[in-house]
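Each of the next two complexes has chain A plus one other chain: chain B in the first, chain C in the second.
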Partner chain A sequence: MLKIEGLSKRLEEKDVLQNISFAIHKGSITGLIGRNGAGKTTLIRTIVGILEKNAGNITIDGESIFLNEALRTQIVFMADTTNFIKQFSVKELVSIYEHAYPNFNKSSFYETLEKYKLPNTSLRRYSKGMKTLLYLLLTFSTGASYVFLDEPTNGLDPVVKRKVLQLIIEYVSSGEVGVLISSHHLAELEKIIDHYLFLKDGGLESNSSLEESFTDYCKLQVAYQDELSTQFKEHPDIFILSQTGKVSIIIVKKQKEEILAQLQSAKPLLLEELPLTLEDLFFLKDGGELYV
Partner chain B sequence: MIVFLINFTYDIAKCINRTHTLNTLYNFKGGELMIVSIDAKSPLSIWEQIVFHTKENIAKGILSKGEKLPSVRELATTLVINPNTVSRAYQELERQGIIETVRGKGTFVSEEYHPAPSTETIDKLKIRLHSLFSDCSIEGIKKETIYQWIDSYFIDGKEKKDVKN
Partner chain C sequence: MYNRTLWIKNSKQSRSALILMYLLHLVIIPFSYFNKSIVLKEQLNSANPYKGIYIGEFSMLGSFSAILMIVFAILLIGIERNSGGIDFQFSLPFSPKELFFSKWIYGVFHIIVAYLCTFILASVIHFTTDLHLYIPWTIFFKIFTILILFSLAFFTTSLAIGTITGHYFSQVLLTGFTLISFSTLYYSVLANIKGLLNYDLYYNEIEKFLIKITLPLSLISTSINVDLATKDFNIKPIDLTNIFGMISYIIIFFIIGLFCFNRKANENNGKLFLYKKFGYFMQFIFIYLIGTGIALITSAITETSKTISYFIGLCIGIIVGHLLYKGLNKFFD
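Now for the complex of A and B:
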């Protein structure tokens, strides 16, 4: 288990990360979500050691990575651009990675390279999708147990995107790696993650399992003859996702049964439960307005 | 050729299905064919959909007793979903005695399967049916037509089963 405790980072007089704590387990996928500028990339870059922390600790199975530098080979990072790798050839990249990661699995790397029909040449001949696949392959071939992916599916066509996600799932299925993915593609993230971390203004707003959130909260479509009464509108446990005419879409955060009974007794024209999505949770946690 | 079909839309739903489904045809190693379609807008969670439709496939005889199911890794990769979601579904199916895991060999449809749905499952199914029926009545579809669909579903199901046995 990789544990992050009280991690803080200041950048240009601003507290970009404040007291962040969470854990990553092998065999699981964690989604890191939040608005642009919430600190997602800074968090990942601080964990993997590109940026220096100002406070906090990171441990792997109880041992601090700041005291035992060799533990760094258990952590690997894939940036949101392929700029770093594009100037090299496949062969050069392999030797760079082998140098940094002694457990680099060369034979499995070349096997998968062939399986995905990626040419063993200079990357100048690679498309963006091919570069991303290769980058991902290099990342997972390091033998590191904790993999940090910064927006891995950004700007990819649907075919490559699917391959990228399948590759991630395949490696996680072995139970030997724990993955953290930052992404804005909530619909695709929702299907593959176990946990999500919601980052807001440099703080961890939420750290829960997707299933917990989906059972704790309840999304409803309600309609009354008159507008939704203020009793519900201003209820602290009700979040209004949208309102069009008589119909409102709301999320009940607590006391599900009680509020449902109240809504029911107010004689609704319509009261229907809707499936909750990660996007709904995003708006709920962000607390922002959805009215356009 | 072994055909394993996870059909994420059941017959009644198919008739008035307004949700977006994703259909994929995969050719698995050994020539196994797998047709998958996920209903992202289903009120059921993904693991519940796997449980439900595996059962449905068994009921229809698409999956027969003793037949091998895809591994967790295969199914997760094909459906592009979290492997733990597949494990969760398989655990539930195993708990209900519908499938069995043989260590080192894989997961198989149990030879002894006696359905016994929980009240929670029944309630969920009722809610789904309720929502379908209200859609039907909005579209002006008569009760008798729905009865016909129900009858044809069960006749189809029985026929397929008989062929298999």
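Now for the complex of A and C:
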């Protein structure tokens, strides 16, 4: 298990990360979500060693990676851009990775390369999608136990996106790898993650499993003759996701049965439960203005 | 010490500088030195009463190397701050010290190999032509010692500057300034004392010392003048202060580079300087030097009171320097 304890990072007199603690388990995919500037990229860059932390510790199976540098071979990072790797050929990249990561699985890499029909040439002949797939293949072939992916599906077409997600699931399903993935594409993230971390203003607003959140919260579409009464609008356990005319979409945070009964007793024109999505949770956790 | 991953990465990044460097060392300089044997024959057969040749190939090699060393350092450390390469390498399981050391040792290796090749080729040309009759081979040791130390000092300084600057533009400017900084700052202080207080200061020993530790001036000792009639050759003797100066540059900047790279100040990549406080310091130096430069120009072109025109020039210069720096900072922010 990779454990992050009290991680803090200060950039230009501003606390960009404040006392962040969470864990990543092998065989699970954790989604890192939050608004632009919330600190997602800074968090990943600090964990993988690009930025120096101001406080906190990172341990793998109880051992600090700052005290035992060799443990860093258990962590691998895939950046959100393929700009840097495009100057190399596949062979050179394999050489770079296999000499950096002692557990690099060369044969498995070439097998998968063939499976996804990626040419073993210079990357100049690669499209953006092919470069991303190759980068992902290299990342997972390192044999590292904890993989950090920063917006891996950015700018990809739906077909490549699906391949990328499929590849991530394939590797994680082996149970040998734990993944932290940062993305703004919540709909696709929802399909693959087990846990999610919600970052807000440098702090960890939420750290829970997707299943748990979907059970805890309830999304409802309600419509009344007049608009939603103030009793519900100001209810601490009701979050209004959107309001269009008489129709409101709300999320009930606690006391689901009790609030449902209250809504029912107010004689609604419409009251139905809708499937909750990660995007709904995003708005709920962000607590921003409602959208209409 | 050596890691293939970092070696491959470094060689890919700096390929163009290496091609130019080996072209200069293996083709241009040996060919130019060989041409000197033809010039030698022409001189011996000419009716000119003074028969002599000037061998400037080695100081030329040093001058071109200086530019190449800066390009080499930029390709190894400056460009990657703008291409995402820094993120890639810092995320690999190597310590920042290992990363910096790998770049430095990679550069040192190629510099030494390139000079060694030039030394061998120059020696072969030397002994297979008439040049050996007029120029003793042993002075090659002196010339190549100076050239190697000079290139290593230039490379190490530029590489270390790349760990302080966030952009290759500021890396080039700051490297250029650092190499002449002692003399520039010394003479600017004297100029301001003279301009504002009308008081002349002159310290001969300090100036001599500053010239010796100003890196680009080391190349003066690598040119040879040969009088063919007397077989006398004229080359400046090795100056120990100069040698010590170059070694000091290598040691001091290597340590600075290791220390700064280890701080992982990667959040300001793309900006002029990685460290805010250092940026303020450089802003002060920049404004001060622009101010002094403009003050010197205004006092030189006016015929009225030198002190007043110097002071006015200094004030204008400070404002211009401030605006220029502000503009630069904004551009790279």
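Throughout what follows, the second predicted complex is superposed on the first by the 291 of 292 C-alpha atoms of A that agree within 3 Å, B and C clash if a C-alpha of one lies under 4 Å from a C-alpha of the other, contacts with A are read in each partner's own complex, and residues count from 1 in each chain.
Criterion: contacts are C-beta pairs under 8 Å (C-beta built on N, C-alpha and C of every residue); 3 or more make two chains touch, one makes a residue touch a chain.
Please read these numbers as outputs of a predicted model, since none were measured by experiment.
**Q** According to the stated criteria, A:Thr81 is in contact with first (chain B), second (chain C), both, or neither; which is it?
**A** second
**Q** Once the shared chain is lined up, is A:Leu51 touching chain B (first), chain C (second), both, or neither of them?
**A** A:Leu51 sits against chain C, while chain B stays out of touch.
**Q** Please work out whether A:Leu165 is in contact with chain B alone, chain C alone, both, or neither, and reply first, second, both or neither.
**A** first
**Q** Tell me which partner A:Leu118 touches in the superposition: chain B (first), chain C (second), both or neither.
**A** Neither chain B nor chain C is touched by A:Leu118.
**Q** Given the touch rule stated above, what does A:Ile29 touch, chain B (first), chain C (second), both, or neither?
**A** Only chain B is touched by A:Ile29; chain C is not.
**Q** Name the chain, either chain B or chain C, that contacts more residues of chain A.
**A** The partner that reaches more residues of chain A in the superposed model: C.
**Q** If you stack the two complexes on chain A, which partner ends up touching A:Ser173: first (chain B), second (chain C), both, or neither?
**A** After superposing on A, A:Ser173 lies in contact with chain B but is clear of chain C.
**Q** Quick one: is A:Tyr101 in contact with chain B, with chain C, with both, or with neither? Answer first, second, both or neither.
**A** Only chain C; A:Tyr101 stays clear of chain B.
**Q** Applying the document's contact rule, which stretches of chain A touch chain C when the two form their complex?
**A** By the definition above, chain A touches chain C via 11-12, 42, 45, 48-52, 69-70, 72-73, 75-77, 79, 81, 83-85, 87-88, 92, 95-97, 99-101.
**Q** Which residues of chain A touch chain B in their complex?
**A** Chain A reaches chain B through residues 27-29, 162, 165-166, 169-170, 172-174, 187-188, 191-194, 211, 214, 272-275.
**Q** So in the complex, which bits of chain C are touching chain A?
**A** 3-5, 8-9, 12-13, 80, 83-88, 90-95, 263-267, 276
**Q** Where on chain B does chain A make contact in their complex?
**A** Touching chain A: residues 40-43, 45-46, 72-73, 76-77, 79-85, 127, 131 of chain B.
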